[in-house]
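The following blocks contain the structures, represented as structure tokens.
Two complexes follow with subunit A in common, the first pairing it with subunit B and the second with subunit C.
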Partner chain A sequence: MSINWFKYSSPQIFFPVAGRLALGFGVLAVLACAVGLYLGFFVAPTDAQQGESYRIIFIHVPAAWMSMFLYVIMAFWAGIGLAFNTRLSGMMASAIAPTGALFTFIALWTGSFWGKPTWGTWWVWDARLTSELILLFLYFGFMALQASIDDPRRADKAGALLALVGVVNVPIIYFSVKWWNTLHQGASVSLTKAPTMAATMLTGMLIMSFAFWFYSIAAILLRARCIMLERERSADWAGQYARGAA
Partner chain B sequence: MSWGSLENFLAMGGYGLYVWGSYAVAFALIVTELALLVRRKRIAVGRIR
Partner chain C sequence: MIAALRCVIVRDLRLAARRSSDVLTVVLFFVIVVSLFPLGIGPEPKLLRTVAPGVLWVAALLASMLALGRVFAADHADGTLEQMMLGATPLGLVVAAKVFAHWLISGLPLVLISPVLALQFDLSQELLGVLALSLALGTPVLSLIGAIGAALTLGLRGAGTLLSLLVLPLYVPVLVIGAGAAEAAASGLGGHAQLLLLGAMLIFAGAFAPWAAAVALRISVE
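Presenting the complex of A and B:
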């Protein structure tokens, strides 16, 4: 059996598929969130050093991971759009940016609310925190640049350049706790070492990561649908959909 | 993990402000994003018609 993947790169075909996928991933996100928060608040034990303040981890770490993943995926679609000039790629990159910025902000905000009780400060110009703040500005820069250019094709190209150059910041964020002497702690979870936390804490955090993944996919697909309708508003399929949605 | 009472749960061992301040803002932002998406879709459909 062979699937013609290029078929799905046409907005007309992808639009209804994206709608069904968004619904499915939205349901999965709610379920994973319920399980993850149950584990996080009712199963995971109190931390010996940090007391209950550590429970911020269940959204802080997943949000920080998403902020980096989404940037890489945004840069990937932007690069594909530059290389192959496919319409949908640029739409996907534009659809990812606001959700990426959202998770970057959540990572910074929850980090601040965790830093105050554990470090005694809301903010410090440490390498991890500063590079994550730069990530937020990269997302904002990408969105502002695209918003300032009327022609969507040119906006996609300009945004793609910014996204690709900015991708260098992602390894800087990830390795900042190794390369510099930071107040922020090192990685709690890595592929090469055993995790340094209780199994139920780790499970809760991983399930919340899946919840954020599912949510991101759903939100991004919903936004991609909006962008398709906006950019292709004079196409027949868009007109048919709009009349049907009335 | 047994909290005993709702007060204990909300107090989060004295870290209530920090824990709930994190969760409330994250939740509010996610709900806002979804509301903005619904609004954007409605406007896009309205422009076509």
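Presenting the complex of A and C:
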């Protein structure tokens, strides 16, 4: 028996699945966020050098991770959409972009809140800050391109190509710390060596990143559902859903 | 195939020669923007010497971006582009030829005039060479990346501003390294590393960007 890999690539089949998944991940996101924030703001010890201001990392670092990760996922769906010509992939890519831009903005915003007490300035032209800003511009470019094309098929494909071209930027962001010699400290967490922070801090941060993951999945699936309904409004199942919901 | 490429290049150059004011506009834009900076930040020679590479690079980047709209627009409007897509020559190669012709028209003049403008900023002679060389290596990369954006925005409303939104973030590495070459040379480190990186970018973009632009053209025209 062969597996039909494309079973869930049909909007009609995926629509109810996405609804159930979005609900589940939304609940998980709220729970993980509550636990993570409690650990981060009440349990984790005060940092010896940075005082209380370091606690912004419980939001800042997961948001920065998600901002880059979501761009790669967006480019992945974009590539799948171009390669297999599946409608749903393009919808997923368009659904991911606003959430990615949101996390990029949060990472920049919280980073600047952290930078003021620690570095003494809201903004520095450091490699990582700059490349995060460029990532935000890339998200905006993707969304602006899709918004200005009326034909959804062309919008999907054009956005897909732009995302694939832009994904070259994501490794540059990651390696920029090593390439340019700048103010931002090196990564505190890596797979190859022991993290240089207290265990509770690390746990809080990891739980927060799971919370952001779950939130992203829920928000993206909800947005994808809206896009599916809008694009497939002439299909029978979408009409039935809309009448049932109204 | 080589004959077809030569034909595309010669045709584009001839078309540009018949509308030479378009070429001049880009060069004049470059000159004016560069001349505005001393007026804005003051005529202090030491300050001007520091900012010169960055100013020239940003101005060159904006000027080459302004010219991007013309790479495919005219051919798209009169249907030539569709004939090129149907032709036997691979579209990626045709795009590469068009981008090369476009660089000869809009990039090369900027490279040639940049030493004169750099003199206004009191740059020393060896730096003039490094700056011109970095522009010579960098502006083709700008044209190549820009061609992808131009192809994606072909025939869209508000294509000009949209194009800048798409293309400028992608220009950043070229700008950082290009302007860095002259700065490194000024600080005594020598700009070799940056020039080599620019060369690597040129090879990379030259190999891949025409094909990406070709895909973008097919998306836009289908």
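As a working rule, the second predicted complex is superposed on the first by the 242 of 246 C-alpha atoms of A that agree within 3 Å, B and C clash if a C-alpha of one lies under 4 Å from a C-alpha of the other, contacts with A are read in each partner's own complex, and residues count from 1 in each chain.
As a working rule, contacts are C-beta pairs under 8 Å (C-beta built on N, C-alpha and C of every residue); 3 or more make two chains touch, one makes a residue touch a chain.
Nothing here was measured: the structure is a model prediction, and the numbers come from that model.
Peer 1: Thinking of the overlay built on chain A, is A:158 touched by subunit B (first), by subunit C (second), by both, or by neither?
Peer 2: Once the two structures are laid over each other on A, A:158 reaches subunit C alone.
Peer 1: Spot which of subunit B and subunit C makes contact with more residues of subunit A, would you?
Peer 2: Result: the larger residue contact count on subunit A belongs to B.
Peer 1: If we overlay the two complexes on their shared chain A, which of subunit B and subunit C does A:238 touch? Say first, second, both or neither.
Peer 2: Once the two structures are laid over each other on A, A:238 reaches subunit B alone.
Peer 1: Just checking: does A:102 make contact with subunit B only, subunit C only, both, or neither of them? Give me first, second, both or neither.
Peer 2: Touch partner of A:102: subunit B, not subunit C.
Peer 1: Between subunit B (first) and subunit C (second), which does A:44 come into contact with in this model arrangement: first, second, both, or neither?
Peer 2: first
Peer 1: Considering only touches as defined above, state whether A:88 meets subunit B (first), subunit C (second), both or neither.
Peer 2: A:88 sits against neither subunit B nor subunit C.
Peer 1: Would you please give the residues of subunit A that touch subunit B in one complex and also touch subunit C in the other complex?
Peer 2: Residues common to the subunit A contacts of subunit C and of subunit B do not exist here, since the sets are disjoint.
Peer 1: Over in the complex, which subunit B residues touch subunit A? Could you list them?
Peer 2: Residue positions touching the partner: 1, 3, 9, 12-15, 17-19, 21-23, 25-26, 29-30, 33-34, 37, 40-41, 44-45, 47-49.
Peer 1: Please give the residue numbers of subunit A that touch subunit B in the complex, ascending.
Peer 2: Counting only subunit A, the residues touching subunit B are 41-46, 51-53, 55-56, 59-60, 63, 98-99, 102, 105-106, 109-110, 113-114, 116-117, 215, 219, 222-223, 225-226, 229-230, 233, 238-239, 241-243, 245-246.
Peer 1: Which residues, counting only subunit C, touch subunit A once they are in their complex?
Peer 2: For subunit C paired with subunit A, touching residues are 145, 148, 152-153, 156-158, 162, 165-166, 168-170, 172-173, 212, 215-216, 219-220, 222.
Peer 1: What does subunit A use to touch subunit C in their complex?
Peer 2: 82, 130, 134, 137-138, 140-141, 144-145, 148-149, 154, 157-158, 161-162, 164-166, 169, 172
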